[in-house]
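Supplied in structure tokens, the structure appears directly below.
Chain naming follows the written order as A, B, C and D, and within any one chain the residues start at number 1.
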Amino acid sequence: MIIVMKPSAKPADIQQVIARVEQFGLKVHISEGEAHTVIGVVGDTQSLDQRNFEVLDGVERTVRISQPFKVASREFREGDTVIDVNGVKIGGRGIVIMAGPCSVESRSQILEAAHIVKEAGAHILRGGAYKPRTSPYSFQGLGEEGLKLLAEAREATGLPIITEVMGASEVPLVCEYADILQIGARNMQNYRLLQAVGKVQKPVFLKRGMSSTIQDLLMSAEYILSGGNYNVILCERGIRTFETYTRNTFDINAIPALKQLSHLPVIGDPSHGTGKWDLIAPIAKACLAAGADGLMIEVHPRPEEAWSDGAQSLKPSRFERLMSELRALAEFLGRPMS
Amino acid sequence: MIIVMKPSAKPADIQQVIARVEQFGLKVHISEGEAHTVIGVVGDTQSLDQRNFEVLDGVERTVRISQPFKVASREFREGDTVIDVNGVKIGGRGIVIMAGPCSVESRSQILEAAHIVKEAGAHILRGGAYKPRTSPYSFQGLGEEGLKLLAEAREATGLPIITEVMGASEVPLVCEYADILQIGARNMQNYRLLQAVGKVQKPVFLKRGMSSTIQDLLMSAEYILSGGNYNVILCERGIRTFETYTRNTFDINAIPALKQLSHLPVIGDPSHGTGKWDLIAPIAKACLAAGADGLMIEVHPRPEEAWSDGAQSLKPSRFERLMSELRALAEFLGRPMS
Amino acid sequence: MIIVMKPSAKPADIQQVIARVEQFGLKVHISEGEAHTVIGVVGDTQSLDQRNFEVLDGVERTVRISQPFKVASREFREGDTVIDVNGVKIGGRGIVIMAGPCSVESRSQILEAAHIVKEAGAHILRGGAYKPRTSPYSFQGLGEEGLKLLAEAREATGLPIITEVMGASEVPLVCEYADILQIGARNMQNYRLLQAVGKVQKPVFLKRGMSSTIQDLLMSAEYILSGGNYNVILCERGIRTFETYTRNTFDINAIPALKQLSHLPVIGDPSHGTGKWDLIAPIAKACLAAGADGLMIEVHPRPEEAWSDGAQSLKPSRFERLMSELRALAEFLGRPMS
Amino acid sequence: MIIVMKPSAKPADIQQVIARVEQFGLKVHISEGEAHTVIGVVGDTQSLDQRNFEVLDGVERTVRISQPFKVASREFREGDTVIDVNGVKIGGRGIVIMAGPCSVESRSQILEAAHIVKEAGAHILRGGAYKPRTSPYSFQGLGEEGLKLLAEAREATGLPIITEVMGASEVPLVCEYADILQIGARNMQNYRLLQAVGKVQKPVFLKRGMSSTIQDLLMSAEYILSGGNYNVILCERGIRTFETYTRNTFDINAIPALKQLSHLPVIGDPSHGTGKWDLIAPIAKACLAAGADGLMIEVHPRPEEAWSDGAQSLKPSRFERLMSELRALAEFLGRPMS
């Protein structure tokens, strides 16, 4: 961390900053510039709140030098983290596709969806039993009944299942059924939930919050990792910007950036990232070209009858066509799908 | 809700949309424009997910006409909601000031802070016992011990206390101590928590999420209200934008906008809204001039020693001066402080 | 400027950075941290492009320490800049109000508007003769005819006039008529235009671009100032964010921030900052409370017949009422209107 | 266009809206909803400013139904626009690569750069002679001398050249040298410049402004097209968001969205879109996968000595490697490079 003093800072101000730094058992390194004195803080500053120094007299601002995440960082671990989910390897050489409906709506719907995505070549079945909805009056998911139907769909197809968990107290129940726990974008900084999934060993699929920076996402991963669960999968699903033509702005830069900064697998979600079914295919391909380890795609047997997110779900024939294009692209990129 | 058809939409597409609308027991009203056919949906569309219609063939987009919130809306309730907290009226004629440190750090610190803000004229004491921190390695709050110290500070000063609750399972415990439950910005769409505080009768102070629209904030309020707890206080605390000079961009427009759209009290938080102690005073005054019902301000006996948010906390002498200016301004505006 | 090396940087990388810095006649100051070596660059780095150093091997990133603006900065000038426009002092003790229609539409319209705002107490008349419109098919302004009508309105009322100039080649013509040249938000980084108005001595009213940071605005002011025209007035008029309820998000923080960083006068524009006539009054008051030196407000004799921006224009009776409230508030704040 | 009335609107308000619509020679179509009356406006509303209706009593808001751009739209033109620049076809089957340094710095630099990009397989040479710089103290380009050097590089390599024009008065001069005129992001809404390039027949490369929506970009294209110059190339180069790890957020969604909405060619600029040389390759590939017609990439013989944008320029060996990867990818995608 460095502390930039104002041009008007007095020697006594600098002394006060030094004294404060030393109270934390850290050392300083002082550099006098043309206008500004810059105080470097040497030592382990990980748990320091840099903004606390900004209130001292004569301080203009502070700048963090080290990344605030440790276990999530590339430096922490040699090689990429590969997570094995019932034989499906996420983060390894091959591309992994997670697909299925936004919500579990009925036994026949989820079974039909599971067979469709399985036959098209997807590796993991998605489906929401607990749905975070903006409106309290919207369908909130089938709850445990939905989890049971997902488990039945897994039985029928052999596909591992991923489903969202919305609260810390639901973690044990969802763990009984799911192969991967999903944390939704709105809960990315629900720290009680992050702490709860940090204490189990199920893989966690962590979606980037819609106004979260890349660093924020990695800090939320750090909560889970530092709790002892090392099976974290990162997901870019679009951020909120001024653009309104699409539901979100898919931050394609985040894919290679996350791969540079972290050893964790990175998945792209073009359904949420665009909000429009007819933009899913080009963005799905862009994700693979940019280095994503896989994709999450919403597919519904009849999107026009979906209870949620129909607008960003593919119908079966379009998903099949997309899968055959993605299979060829993955092969071309040297990351063949199993 | 209206459904805008593409210029290329065929009669069969329009028929399909009509059929789909009628399945929900709603009626249509068709308007043929130069290029676009527009289908108006008549009836109660509150629980309808408009985006589901966007997947139908020939549909270009949908536009919601009615506000999706009901109980939170101005139309729902004649007059402003006034919430009485141990005699302090929030949302009434007088301006209300909530002040105190970011975190409860020790007995002496919170007691000292409580006396300082009380003597300066604040009406409610704030202080965090459970702290949502970006880093798992930062101070996470004193927990129940912090709640007890807050209660002791209330005893000593007579000030009601407001403190944050981070998870649904902590609601009963926090209710035992707090007079107002605070939901932080990161938890604004933590629906399990909203549901939990909707079932108690303690006033809830709901902070706007940093990437939440005004409508999103009112929808989160709607979760609490529709659960049966009508004591909701809204808080504007700044949103995330491209500007980096300040920690957040304080959305001053939101204050009169929320007062127009809703009957709920609206509080401004210039500490988080700026992130800089030397911008708190002008933004605090701007909030009152724009029609806020009160303010939440971070104050610490010695900000340079604060464990969190020192950079955006006022020291006692500055808070006293600000309070005397705010008192005069409130008086001028016809909203005198008690 | 400081240069942060990667943890993996080699001694040769550090040597290369030092050599590169020294080529610019600057000195280095090296500080070894736990993980990162930090190289401080000492000397006049104003004209240096910091990003050029980011391409050197082993460099993680660079951080600018000094503000990149000079003449616009508080440090440059003792006291506030006060600009005298035909006797109206902008940036001095008193609050200044600029008001009038978005566009000059006809002789009778602008004369009527001028008399209305004059009688209500405004100090300067605004009106657009050249209109930057998003659509090439929209009304583009009356051009020189509009300038002549503005001059006639000045004659009739004695009010100085402010009007927009859109291109460098139009500067001489607009200078013949206008008392203040307005640079619109979309042209804030039109450097040819900034250079052109930097060479005349007419006061320039520089509106913040809708995605410009506070620093960007001051850098654009610096273009004008460094050209030799010291009569620059800054205007906050809202920025573009994800919020759609209002046309722009008025960045109230920018008002005290600009007053801290610069000696130039700062004006708020609540018409553009909200886009809604019924939000103008509360935001206008908030601007004064936050320390603005004045306001620009759109007023039209009959907003419902305006050719542009009717939605954010006040009708005469509402403007009169607002002016009487603002006069009292300015008085209260110790900044009486003349 | 539709006009949504407030629930509280009176019959007289509705009558006033109808009368106002009819003044423009348009018809209305009225639809009574549960709470809101919705007035559809039928006829050519292209030149109508929808916001003018928002000031009428009882109006809640207005919604535009038709796209405000005409000539730029898919509906206007059967098939894609293909622009032939000295034999290089932009917007056709094959992918086109534009490459070269940010600025022309010297004769040897631009000639060396031209040979490097030519040999690596690029089709068009880029280089700035007039540079829009945030700081008036930064290098502003070599001006006409730079244009001459670019022409010499074209002579030497046969590559057509693209260079930026910053002001309307410079258009004739730049036209003498350049094969394609570039409009930079900061000038995307400099309407005088758009009008000037609309009157010549040189192809125009229009970069999206950093806070411009997809619709804004198409409206700026419309300015040029409606002026009579049909040779417009659109460029996505990243938008400004809250993310700070990258210089801009590359809006990959915009690529397929623009191809859907318009017949104009779409080029991606991963140098500006990321600001980091080590993210250029993955984003360049993502652009092709998403359907871009080509790329603009900054390449410098020695980026560590570049006078501008070194951080986002590739060095020759990296560019060569990237070109060979892009060539294979373009081939795979059925869009081979010539």
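Just so it is clear, contacts are C-beta pairs under 8 Å (C-beta built on N, C-alpha and C of every residue); 3 or more make two chains touch, one makes a residue touch a chain.
Model, not experiment: these values are computed from the prediction.
Counting only chains that touch, the fewest steps needed to get from chain A to chain C is 1.
The set of chains in contact with chain A as well as chain D comprises B, C. A count of contacting C-beta pairs for B-D and for A-B identifies A-B as the more extensively joined pair. Mean C-alpha position of chain B lies 31 Å from that of chain C.
If you average the Cα atoms of chain A and of chain B, the two centres end up 26 Å apart. Here the CA centre of chain B is 39 Å from the CA centre of chain D.
Those residues of chain D in touch with two or more other chains are numbered 211, 240-242, 244.
Per the touch definition, chain B reaches chain C in the complex via residues 211, 213-215, 239, 241-246, 249-257, 260, 273-274, 278-279, 282-283, 285-291, 328-329, 332. Chain A meets chain C in the complex at residues 2, 4, 7, 29, 31-36, 38, 40, 42-44, 63, 65-66, 75, 211, 240-242, 244.
Considering their complex, residues 16, 20, 46-47, 49, 51-56, 68, 132-139, 166-170, 186-187, 189-193, 209-211, 216, 219, 222-223, 226-227, 240, 275-277, 303-304, 306-313 of chain A touch chain B.
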